Amino acid sequence: MKIVFYTAGGTIDKIYFDAKSDYQVGDPILDEILAEGNVTFAHESKTIMKKDSLDLTDHDRELIYRTIDEETNRLIILTHGTDTMVATARHLQSIRGKVVVLTGSMAPARFKSSDAPFNIACAVGAVQTLGEGVYICMNGRIFTPEEAVKNVDRGVFEKLPQR
Amino acid sequence: MKIVFYTAGGTIDKIYFDAKSDYQVGDPILDEILAEGNVTFAHESKTIMKKDSLDLTDHDRELIYRTIDEETNRLIILTHGTDTMVATARHLQSIRGKVVVLTGSMAPARFKSSDAPFNIACAVGAVQTLGEGVYICMNGRIFTPEEAVKNVDRGVFEKLPQR
Amino acid sequence: MKIVFYTAGGTIDKIYFDAKSDYQVGDPILDEILAEGNVTFAHESKTIMKKDSLDLTDHDRELIYRTIDEETNRLIILTHGTDTMVATARHLQSIRGKVVVLTGSMAPARFKSSDAPFNIACAVGAVQTLGEGVYICMNGRIFTPEEAVKNVDRGVFEKLPQR
Amino acid sequence: MKIVFYTAGGTIDKIYFDAKSDYQVGDPILDEILAEGNVTFAHESKTIMKKDSLDLTDHDRELIYRTIDEETNRLIILTHGTDTMVATARHLQSIRGKVVVLTGSMAPARFKSSDAPFNIACAVGAVQTLGEGVYICMNGRIFTPEEAVKNVDRGVFEKLPQR
């Protein structure tokens, strides 16, 4: 089993930049999370872009689509900002032959307390057991793109009320 | 979706007992892990026993079997010591109508660095997407009881070499 | 013994603001640090301002001066941005009858890895054992305002080379 | 400034040993604490013994005495179990020409939540500002050996009621 992790940015990757200070945060927070989980599956991580999901354009979504569509590995986890995660998930739905799980976090992964490690690990459990398709993994739950919605007030993902 | 967490003990729950000192660790480490993951699914946690898995007897395994067999909730995560996790998983295999995922950790969940949060979260992702059956979730991978073995030297779970 | 903590802002208090997301970080990171240290001394915390130390004006420094000068408690820890911590410390030097220890951090206190808890605790140890005066506590060392300088390249406080 | 850290054991160093499992914890937790504090002072750490402080004998205390008495560095922090920390501190009081600060923790330093980092950092702040003598640094406070007592019920160090 191999999982390829793509990132499109979002809060999970947020770091704090201080213009004057020389403080800088390195990248490998995903590596730290996987190392703490003592994982033994093959994995690779690639950056598509580093954007607030509110700033993602149609062009950006098209780039995400093509990148994942052309990826040869079957199991893919895409970290993404939460605000437009559902929109991107819907955009990716026509991708065939892959299991794509989108996840992210409400608090930056570098924070002492963050939902990022849980979400990444939950997505790892889901991506290898789900069938072909596109899914959202947030708040310990797996959603299809059609049924998911971010409840901005509560800061959680929910199922759309059924009509 | 509701997940019922059972514990049979093991390293994941290990706490440090000091005969004389009044230092005591409370129970709700699972609650902390789920709270950090900001989970929104219904869940409940129950203790079957608190034992080193090397000390589990046939009688203990029978108690675990009956407890889970009689549980009415479909999705079950059982935390268990790693040393005999495979034996217990095999013992539970005849349980029908449920998804049972066994997990645990090499380092106690209370340690600053532990594989426990990752394993719990990975099991949460897996239990809701797997079909009926008994599984082991360790090292970011999902194993069936027949194929799993703990490599004691490396401290990880592996697939048995196929004959 | 009672310690009054004042904050003038700086990286130690930095939080991540996301315009659209409802993610918000509460204040009591100092309380968390002190609770983890299981401290039993009386303490109180007050905010003078919340500014990057590069943005502090003469007027701000005057406000800090007056606030601390008028404080009736003898032991004071002032958290402050590192970039102009030395300037503020020098500005406060004419305050009499108090022990004032300035500290801060290179990484926000909310980060998983941060020098903030160490610096706060080190300042707590120092403020109750130092004599009247103004001091800087950074990198596990205690400096007088005259001898301290921030080495921006190395991201640490050092003693000025003696002439 | 140089600080020499000695350890005599105690909860701060406690690790969890699992007879059968190959799980083992390395030593350098003090190094991690100092690294997180981004300290720049010279330091060295040495082990005198690794014992529960309740098991320390007169012979052990004599060994601790001699080791510290013969140490050439002036600033010394001794980590020690809390249960008999006061007894050892009193035993060391005749040592001359040094500043010796005893500290420890109620929860092992490897725990996710532990008073160890705070106590170490507080001792670092105190040892370089105190005059010659032997002190206890616990709960964010500095005690002389004569006035200190561990309140076992509350799990904190206090001043003995004055007669």
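The first chain written gets the first letter, and so on, giving A, B, C and D; residue counts start at 1 in each chain.
The criterion applied here is as follows: contacts are C-beta pairs under 8 Å (C-beta built on N, C-alpha and C of every residue); 3 or more make two chains touch, one makes a residue touch a chain.
None of these values were measured; they are calculated from a predicted model.
With every chain reduced to the mean of its CA atoms, the largest distance from chain D is reached by A. Rotation angle, chain B onto chain D, C-alpha superposition: 180 degrees, expressed as a multiple of 5. Centroids built from CA atoms put chain C at 37 Å from chain A.
Centre-to-centre separation of chain B and chain C, using mean CA positions: 44 Å. Between the Cα centres of chain A and chain B there is a gap of 26 Å. Among all residues of chain A, those that touch two or more other chains are 106, 114, 155.
Chain-to-chain contact here is organised cyclically: the chains close a single ring, every chain touching exactly two others.
All chain pairs that count as touching, in label order, are A-B, A-C, B-D, C-D. Per the touch definition, chain D reaches chain C in the complex via residues 1, 33-34, 36-41, 106, 113-115, 117-130, 137, 139-142, 155-158. Touching chain D in their complex are the following residues of chain B: 11, 14, 16, 18-23, 52, 54, 82-83, 106-108, 110-114, 152-153, 155.
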